[in-house]
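Two complexes, one shared chain (chain A), two partners (chain B, chain C).
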Partner chain A sequence: MIQTILDALSYGGLYGLAALGIGLVFGVMRLVNFAHGELIAIGAYLMIITIDLGLPLSIIIAVAGTAALALLMELSVFKRLRLAGPSVLLIASFGVSIFLQRSYEIIFGALPISGQIAPWMSGVIEFGDTTITRGSILTIILALALLAGMRFLVENTTLGLQIRAASSDFQTARLLGVRSNYVIGTAFVFSGVLAAAVAFVLVTQRGSVDPLFGVNITILALVGTVIGGLGSLQGAALGGFAVGATISLLNSFLGNYRVYSYTWLFILVIIVLLIRPSGLISNKAFKERA
Partner chain B sequence: MSNGLLPSRQLIGVTRFHWQQLLGPIVVVIAVSYLTSGVSASFSYLTEGALALLVMVLSLQVFIGNSGVLSFGQAAFAMVGGFASGLLTAPVKIKENVLDGLWEPLKAVNMGIWPSLVIAVLVGALFAFVTGLLLMRLSGLAAGIATFALLMVADNVFFNWKLIGPGPQVMPQVPKFAFVDESIVLTVIVIIVVYFFGISRRGRLLRATREDALAARALGASVWHLRVLFFTVSGGIAALSGAMYAHHAGAVTARDFYLGFTFTTLAMLIIGGASSLWGAVVGTILVTAIGQVLLVLEGGVTFGSVEVTLPNGARGLVIAAALVVILIWRPKGVTGGKEFNLPFLNRKSAAAHDSHVQRTDANMNIKP
Partner chain C sequence: MSLLSVRGLQAGYGKVQVLFNGHIEVEPGELVGIVGPNGAGKSTFLGALAGSVRPSSGSIEFQGTSIRGRKPEDIVRLGLALVPEGRAIFTDLTVTENLRLGLTGRRDKSGSAKAIAEVTELFPVLASHRGHQAGLLSGGQQQQLAIARALVSEPKLLMLDEPSLGLSPTVIQDVFGVLNKIQELGTAIIVVEQRAHLIMSVASRTLVMREGHVRATLTREDARDETKLAAAYFGTGEDRE
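Right, the complex of A and B next:
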């Protein structure tokens, strides 16, 4: 029972981190970034390839590489689509996502590459007769720390103020002197850093990486971002958390029917969208005219 | 304000019947199909597959192109159509031996390809109608994500529920089309249906809602009714595409209609130009041709003394890159979203039509 709750919390935290990365970029440029999964995948590839250099150095390389790829995405593709609507941006990011998946297939091969990253994460701690995995506790701690860090950054710094201003009303923020390209570029870099954190947790759990490594978590986190509330960072993180926790709970409680957990989850998603099309925590500026 | 997929502010889409806009794509499809299928048996097989994809792209065009609402859900209806047609035509013996969990009445039934196609279309349209009643309340990103959720539900159910299909296995021994002609006839019928829905009164009203939902409402258009109607038509056509695919490949699985299929058909539509039927045809032909050339190169080709071999994955890479490049530099696709038009034919009426469009554009450009 305790393990079930902890699993739900750690899944929720992990998906919340992924959703926050997507939500950061969405807030400043209305892009639902399908290619976030490929940022997670490159983080995992870099970690597994450089693990022989030692864990700290490997993590630094992965974070830097992921952030650099995120920035490259923005400069090469999304910067040129500033005038496009959200649907066009979504399709473009779908294209970037497939492009990167095929690039990984060409560079690293289609088969999974395995590697042991931080094997102590899979150990267990015993409390009397309940055992819990270290990984789930560390995931919760990491998620809380990063969420707190992002919160501090967004609430208490000038840069954060600019990101919030750009999220709530991009045009007005620009008119008031917020440098839009700088803010958007920064949002991409932070979303890359968050993707690297997600990659770290996932790769310790799975022990291998393949070109489709980030697809599943991104699909769920994207949905979490949208139902959480378009354009609100707390909404994105909460939506991701809700989706992650729900899928974990469905997996525990459906028993033999757990193969259908996606069906129930996505039916719930459709219901939430029908009741609140602009998300649970909605931001006025993002309501679309129907 | 554009509420959807297509960059607004220019009037696009057909309003009146021009015979060459309908005959042009039909002639091109028939000519290209017979030319390529005449090359060899494997080219004939390829052509049949490409025609099934073209029907899917037309299904996307009739909904997305006219409504401007992004939908990922059509692949779900293709899945429904492929499974329906496959299950209805596969031999009873095979179903009894391979698909043990299948619902008994489905096991016992067996019919020819043509009646099964009709049923597949009806079932697909029914599914689209029922889901559309709910989903078409949404627009913009919420609609995109909700239709995506529909695809995920359909994939999850078909991949696991053995009562209505093969589950994670392959549905084998689906009878194949004897000739490429069947696929050509079906595709031409779909082109005609899509064209006439596009120029119909309701089609024009739906495009009006795409350009300005408030103004269209003021004209008495119900956005919801129109979208449900076109979603249903699109669902029926998508189901036909799935069924054509099943009778082309001789087998069908749930994963045939998942993210890869969705991406390929969407890329074809956008590359060709989402707002016209001609765009759907051009996009499908272009992407299929590029894909085929790259597939041959992936296998290795010798030019004189130089051997060229592309790595596996190059195909997806190039098509994805083409999609992104098109979205950046030519967001209306290579056709510019225009219908088929030969300038030297019908010069007078086409010119008159163009000047009318330009004048309206100038008026609309005053207010950015």
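Right, the complex of A and C next:
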């Protein structure tokens, strides 16, 4: 029972991190970045490839590399599409996503590459009769730390103020002097850092990485950002958490019928959206990009 | 040398051209009005000056240097600030946060605290609502916040797009009273205003726009001449007021 709750919390935290990464970029440029999954994948690849250098160095390389790829996406593709509408951006992000998946296939091969990342994460802690996995506890701690860190950054720094302003009305923010390229660039970098954190947790669970490594969680995190309310960072994190926790709970309660987890999840999603079409936390200041 | 000197400015949205001939001269510390019917291109003109609408041709010289084609975030740093139509304050943020955002456009960051203190002196109501969510302010208070937020960047030229929109006559008086004070502090102002009489009584010159062209420039004396005003405004002699 305790393990079930911890699993739900850790899955929730993990999906919350993924959704926040997507929500950050969506906030400042109204881009639904499907290629976020490929950021998660490169984080996992980098970790597995460099794990022989020791975990700390491997993590640093993965975080730096993932953030760099996120920034590269922005500079090489999305920056050139500033004047394009949301649909063009959406399709471009599909293009980037597929391009990266194929590139990973060419560079790393289509088959999964395995590696032992932080094997201690899969150990258990015993409390008398109950045992709980270390991974779930550490994931919860990691997610809480990152969510709190992002919250501090967004709520209490000048950069965060500019991100919030740019997220609700980009044009007006620019008129006040907010540097558009800088704010968007940093949002991509942060989304890369969050993607690397997600990659770390996922790769310790799965022990291998393949070109489609990040696709599943990205789709579910996207669902989370929609449920949470597009355009609100809090909403994105909360929506991601809700989706992750629900999936985890469905998996444990459905037992052998867990193949139907996703069916139930999407039934719940539809119900939530019917009741609150603009998401759990709707952002009043949310404005279509002109 | 004029503070702002604009000639033959053209701009539009996508393939649709809206502004065909925008021109204006503003001297330091001067208050210039722009009037014209809905859809005349007034907001587009101001947007083109502030950099949020991309001009396709013409020249914009601000303090002797060309700023045409520059980004809005750079233009505000040069001292040309726009308060857009409909206030555009950040309703989710507090009054203080809105003002702090205005500081982004300052060239000299050292005087930030002083600048905020000065504008709250100009708009005392903002001081008493400091920590409140800006969306909870009344329309008039929001307009004052939008003006104050632009002022903390210490612009040489402040452009206001229909500051009276949706405000009651007494509040409009307040807002225009503040414009006088701002002008006295040495800031030049351009005001777009539907109510021709209102603006012509305070502006040294008022431009009349129609269908994307600046059609006439009226002086304060012209304001008393109803037929001249109506002719410039509607392009005919009829009086609709």
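FYI, the second predicted complex is superposed on the first by the 284 of 290 C-alpha atoms of A that agree within 3 Å, B and C clash if a C-alpha of one lies under 4 Å from a C-alpha of the other, contacts with A are read in each partner's own complex, and residues count from 1 in each chain.
Just so we're on the same page, a contact is a pair of C-beta atoms (placed from the backbone, for glycine too) under 8 Å apart; a residue touches a chain by one contact, two chains touch by 3 or more.
On a predicted model such as this, the values are computed, not experimentally measured, just so you know.
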Should A:P277 be classified as contacting the first partner (chain B), the second (chain C), both, or neither? first
Is A:Q101 contacted by the first partner chain B, the second partner chain C, both or neither? first
In the superposed arrangement, does A:L81 touch chain B (first), chain C (second), both or neither? first
Scan A:S252 for contacts with chain B and chain C and give back first, second, both or neither. neither
Is chain A touched at more residues by chain B or by chain C? B
Looking at A:L161 after the superposition, I want to know if it touches chain B, chain C, both of them or none. Which is it: first, second, both, neither? second
Counting only touches as set out at the top, which of chain B and chain C does A:Q3 meet: first, second, both, neither? neither
Where does A:Q205 make contact in the superposed view: on chain B (first), on chain C (second), on both, or on neither? neither
Contacting residues of chain B [partner chain A, same complex]: 1-5, 7, 70, 134-135, 137-142, 144-146, 148-150, 152-153, 156-157, 159-160, 213-214, 223, 259, 263, 266-267, 270, 311-317, 319-321, 323-324, 327-328, 331
Can you list the chain A residues touching chain C in their complex? 158, 161-162, 164-165, 168-169, 171-180, 283-285
Over in the complex, which chain A residues touch chain B? Could you list them? 32, 77, 80-81, 83-88, 90-92, 94-99, 101-103, 105-106, 110, 215, 219, 222-223, 226-227, 230, 259-260, 262-263, 266-267, 269-270, 273-274, 277-278, 288-290
Within the complex, which stretch of chain C touches chain A? 50, 52, 71-73, 76-77, 81-82, 84, 88, 90-93, 97, 100-102, 104-106, 135, 149-150, 153
